[in-house]
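Okay, so chain A shows up in both of these, paired with chain B first and chain C after.
After this line comes the complex of A and B, so read on.
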């Protein structure tokens, strides 16, 4: 019978008006904060189907501005000494100074796709890299970066191909792909490159881009040369684009306008490309192309492989899209021979 | 210098060396990367690994002779390794010390009281050694050195480095690694409740060292039977070996805290028995050993399962140079060195892929990581501490030079899943697998077919030069002008193919004009056909490197997959004659 009175005492006796008001105050403050947070995060729409991210529209136009008017845009050099061939070729186009100015930050896009030695010809030859990087520095470049998003483990690729060694020897810096370097790109008018991860981060602060590529057989694309080398900027599960290989290479040709293209056909991979794997897949074709036009450079490469433009459809498609000139003879290429 | 200071310095040294070698177990040419650093040194010091693999294989792999050094020292001074060297012991001692901060003397004495279950680790040791008699080495699961290497290699470093990006540019993945992480958390966390829990109750290596300390000429002991009963020695005893009373030799981890702290210097490390009496080992029951002996039975039953033979899982691919399954399980200690070093990140700890007895052994997973097994890489075999993966030379892996006759090391064979492959099942050109096959000549070859696309029949209204005007537009998602599509008269498989070079509405532009004889008759139909190069695998050339599987654009379950068929390591798996 005493129970109710006891309870009453406990409830009222130890809680005076002041404490009670304090409790009311605290409770109200927390309630207000919770309500405020609720309002601050209030989302009346619910989640979207996919997360939108602002996409870039391209990697940039690095075409040389101050090319002497009437000057040659392309040199085809015969020979065996890659460094000499590049030096003579670029000299015929007005010297490295017409492409690289003092303080330039130069990005060299090599083909480092596979962790195989340079002798197997599946990747950009380190001698060409060294020659190009060396002349870049000589022309006053502040920094030379070397990059690719290869197929094998990047560190293995750059080391085993000798590209890392060539970069170290000349003072260039290798940039291996990492997640932070990729951002979504949507090519205006493109059907394939829409909101697709591309290695745009390496272009940060870059003022000139030189693409240095080998000449290789490639069953699906017909050939892998300069334009196919652009594939190495793509991230994600890029292999889905092989369903429309010519379409993707054409779009890649529009994504980036390089300053200069070096296509090294001193030795070409004639069969079993693009991996090769045996010296018997290679042939001495003794030719290098130095060109401002990637499409024209590839058109020469096709001939080195003993093929025609019909075998490599993306070249004419890239020309039609406005990426360059497939009939390279119209560019009046300078013909040189370092063996003479 | 006080002996405990020496001990602490030694502990810090070994922990630092351990961590440093874990860091240097990175493929590369920088000074801090794998270039002659003896990254297996601590694993090589392990007598349990040496004993278990020697019992299972009848041989002692050369680098494991380092274990004799640890063995000899233990025979003379006792479990110095536990107190002075073991990196996991150091971590346990440190966390145990943290957990005892602020605790009173009574609580400390209680925490370090000798407990009967300290006998468990001996039963576990006997169980594991019984398994090795049947050829199954399971020591690595409990052995603190492989345990810590595995945990740091696969769980802690990737966790830290995925934020820092120092050891690798791209995040490293290890399947089911949370299980490994939870085990480490458990081992370390239990120190908060019972100091050195793992060392006292579970460590089979500690048990082995304990047994080896039977005849130590020098040992801890008391100079007089009675003392003031202050129990300060018990408060700080790491081994729970009862230094104040009847000393239990095999439990002493040589922490020297008793000797250091005894207020009357009654504890010594000397060439005589303790005045308070001593025993070699804790109370061990016959029942415990009988149960432990059941390991023989268990391993035998595993053998009945036939997983190493007829019942092997064809999707279990072992790294290049791995021995055949039976001999492999007689060596692998699951330390994770191969998984750590693999530049492709494709060597993964098995959960149950290799059966229960293959827990955390290396299995190759071509879906994860950067690429397939790179032909120019032999890192995994070079770092394997027990040669479960043989140290191959590049010549042997690639089948060059004196190995030309036996050919390259094959990990398995790739099989095309025609129900998932784009050119086989979806009328889509692809050929990524062929492109990436690193063998020369390629193990993947193609046969080209021209298939009429879905709803691909049309009626030309007008043909003029290379232009063909259709009566109605073709309904398709594909880009018909991308070089892969052709026009051909319906019902004439031998008729000339004309590549489509352009398409605008109903107007097709052909690469070359239709010639006279192949002009379709008025009102006759034409087919839009797609050129498909379909992949085939030449099993005699395939090395099972998995480049194709890794890069296959059918990214969920790949349309080309490597199975263990024809793997070099197993005669049973041989497929071709």
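After this line comes the complex of A and C, so read on.
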């Protein structure tokens, strides 16, 4: 049987084998490119386990698993140089590598509540943020995120407090709150945190959480330190919780188990908190606490404020709820002095 | 081999266009969906509103204080004016709102300035409208920094190293800088003068310390508690002053009610409150009248009434200090016809 010539096939619209193979080749290349592109963007881990339309039940347990058994869980460091104090404190707990491993995505929860300069002591001091972020990167962290849902305008808060500058200087990234980051959370057994918007979105892909807080007087809560700092994860009209401030802080203590807590009492706000305003509200208390236990850290902070646990009821309430140890001496804290 | 254009049938062309259009629609849909992606989409049912943000309140009533904050040469705006009412004051000052709200807070405006002449200092001005002069005095005195010198700016004014605090009429003002220097202080005072010029002249609250006997009184300890003094609900508008006496430390208190009967009833209520908290009556022969003395451990309380005035001694560290202060206070009140706060 005679094969039609190319010219005839063209005129009749028929394909020859060569054209067919070419077209198949082109189509395959396009399909492979599209597939490859999709593969590049594909999230292998995928989102965390879904509970359908139900609210989250917490923000996660980020306690360090690799911490040597019997090792120190708390260091109390005296001094004035925040970077040196943190470095010595974390070294006493086994070094930053005990908490941060290569490739970790670390979330630093700071107190950026107010758009006031660091000198007024109402927010986490940028020096301690820089110290913590720097050691995270040194230990191999792939990314360090810094977040808070401040009382005031977030951009102003991060900039005026110097926290944004400290983050930029160390390569950390500030995550300001936005609606898409909030999800409903219901704490099992909780009375207050029920279907309440919480900034859960910032935990996406996060493997370690470090809470970095100042030591402050607080008009309503008695004191604002580590546990009160968790308040900055809440969204919505959270001021309604001021009516049961001890209850909400206790529930927040159960919402998140951080990897590490850094309580900076180098300078403490002794009166007129949480905003302060006068430099006379501040006192050089020359102490930093580095601890895996937020309740124990706050128990030390209470002493820096010259108060007792009875003055700050949520600490014992958090202990009773199982969030930590209020008698910090039972943790056999390592006592250090950077000035020695 | 020469090649010509392949003929495409109408049907093929239409199908081709249809596929391209479908791909285009899919691309648009993907872009739209991507822009709406929620990292917490697995649990997000709605996008809840964030905590209230500082905002310029447009309502006329809430911009009254904003209009009073002046522009002063040398002070450059760093941020827009912010105004807050009772419903969102905590969005600005968090838990400290609990100090202002029970004391009759109406509205507050604030603004941040840069002060180039003082090394780029950051200055923030807060103007609170507390409704009444005594309310303004209550929040002023309630936050008074011990040891800070009074200044002549107004009847109730003091300075700290980096800030000025004062009342005028129903207004309470804070002018706060992020650093301390003498030069900066003069700039703050210049700003305060400009602000005071904007504030209406109203009745001033008398100096609360004038009611108390002078000897042993720490002048900067005088406070007006707007509500729930000493933990007793409804014991409102209570002036207190702290003393260091030969016999120890003690706090004097004074408040006034509309009638002598009301003052008597309030005194009984306070005594009942003390008794319910474990205080016991202590026999003290020789006291004038029937002024009761109650004690618990090393804390002593005395309560008496003069006309419409309820007064007494709170948390004296010894019986001697309580008796000494009560005697001085009673004498001082007899010389003073009208307490300033009620």
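FYI, the second predicted complex is superposed on the first by the 287 of 340 C-alpha atoms of A that agree within 3 Å, B and C clash if a C-alpha of one lies under 4 Å from a C-alpha of the other, contacts with A are read in each partner's own complex, and residues count from 1 in each chain.
We adopt the following convention: contacts are C-beta pairs under 8 Å (C-beta built on N, C-alpha and C of every residue); 3 or more make two chains touch, one makes a residue touch a chain.
This structure is a prediction, so every number in the text was calculated from the model and none was measured.
After superposition onto chain A, partners chain B and chain C are found to clash with each other.
In the superposition on chain A, A:56 contacts chain C only, with no contact to chain B. By the touch criterion stated above, A:151 is placed in contact with chain B and with chain C alike. Taking chain A as the reference, the larger set of touched residues comes from C, when chain B and chain C are compared. When both complexes are overlaid on chain A, the residue A:305 reaches neither chain B nor chain C.
When both complexes are overlaid on chain A, the residue A:167 reaches neither chain B nor chain C.
In the superposition on chain A, A:191 makes contact with chain B only, while chain C stays out of contact range.
Looking at the shared chain after the overlay, A:159 reaches chain B, while chain C stays out of its contact range.
When the two structures are aligned on the shared chain, A:315 is found in touch with neither chain B nor chain C. Applying the stated contact rule after C-alpha superposition, one finds that A:119 touches chain C and leaves chain B untouched.
When the two structures are aligned on the shared chain, A:242 is found in touch with chain B and with chain C. Stretch 315-323 is the one among 99-107, 243-251 or 315-323 where chain B clashes with chain C after the superposition on chain A. Comparing which residues of chain A touch chain B with which touch chain C, the overlap comprises 114-117, 151-153, 156, 160, 177-179, 218-220, 237, 239, 242, 245, 271-275, 277-278, 280-281. For chain A in complex with chain C, the residues that touch the partner chain are 6-7, 10-11, 13, 47-48, 50-51, 53-56, 113-117, 119-120, 149, 151-153, 156, 160, 177-184, 197, 200-201, 204, 218-221, 224, 234-239, 242, 245, 271-275, 277-281. Taken in their complex, chain A has these residues touching chain B: 114-117, 151-156, 159-160, 176-179, 191, 218-220, 237, 239-240, 242-247, 271-278, 280-281, 310, 313-314, 316-317.
Within the complex formed with chain A, the chain B residues making contact are 27-29, 165, 168-171, 343-345, 370-371, 374-377, 422, 428-432, 434-442, 446, 478-479, 481-484, 499, 501, 511, 533, 547, 551-553, 555. Residues 1-4, 6-9, 37-54, 79, 90-99, 112, 122, 124, 143, 145, 147-148, 160-163, 165, 174, 176, 178-180 of chain C are the ones that touch chain A when the two sit in their complex.
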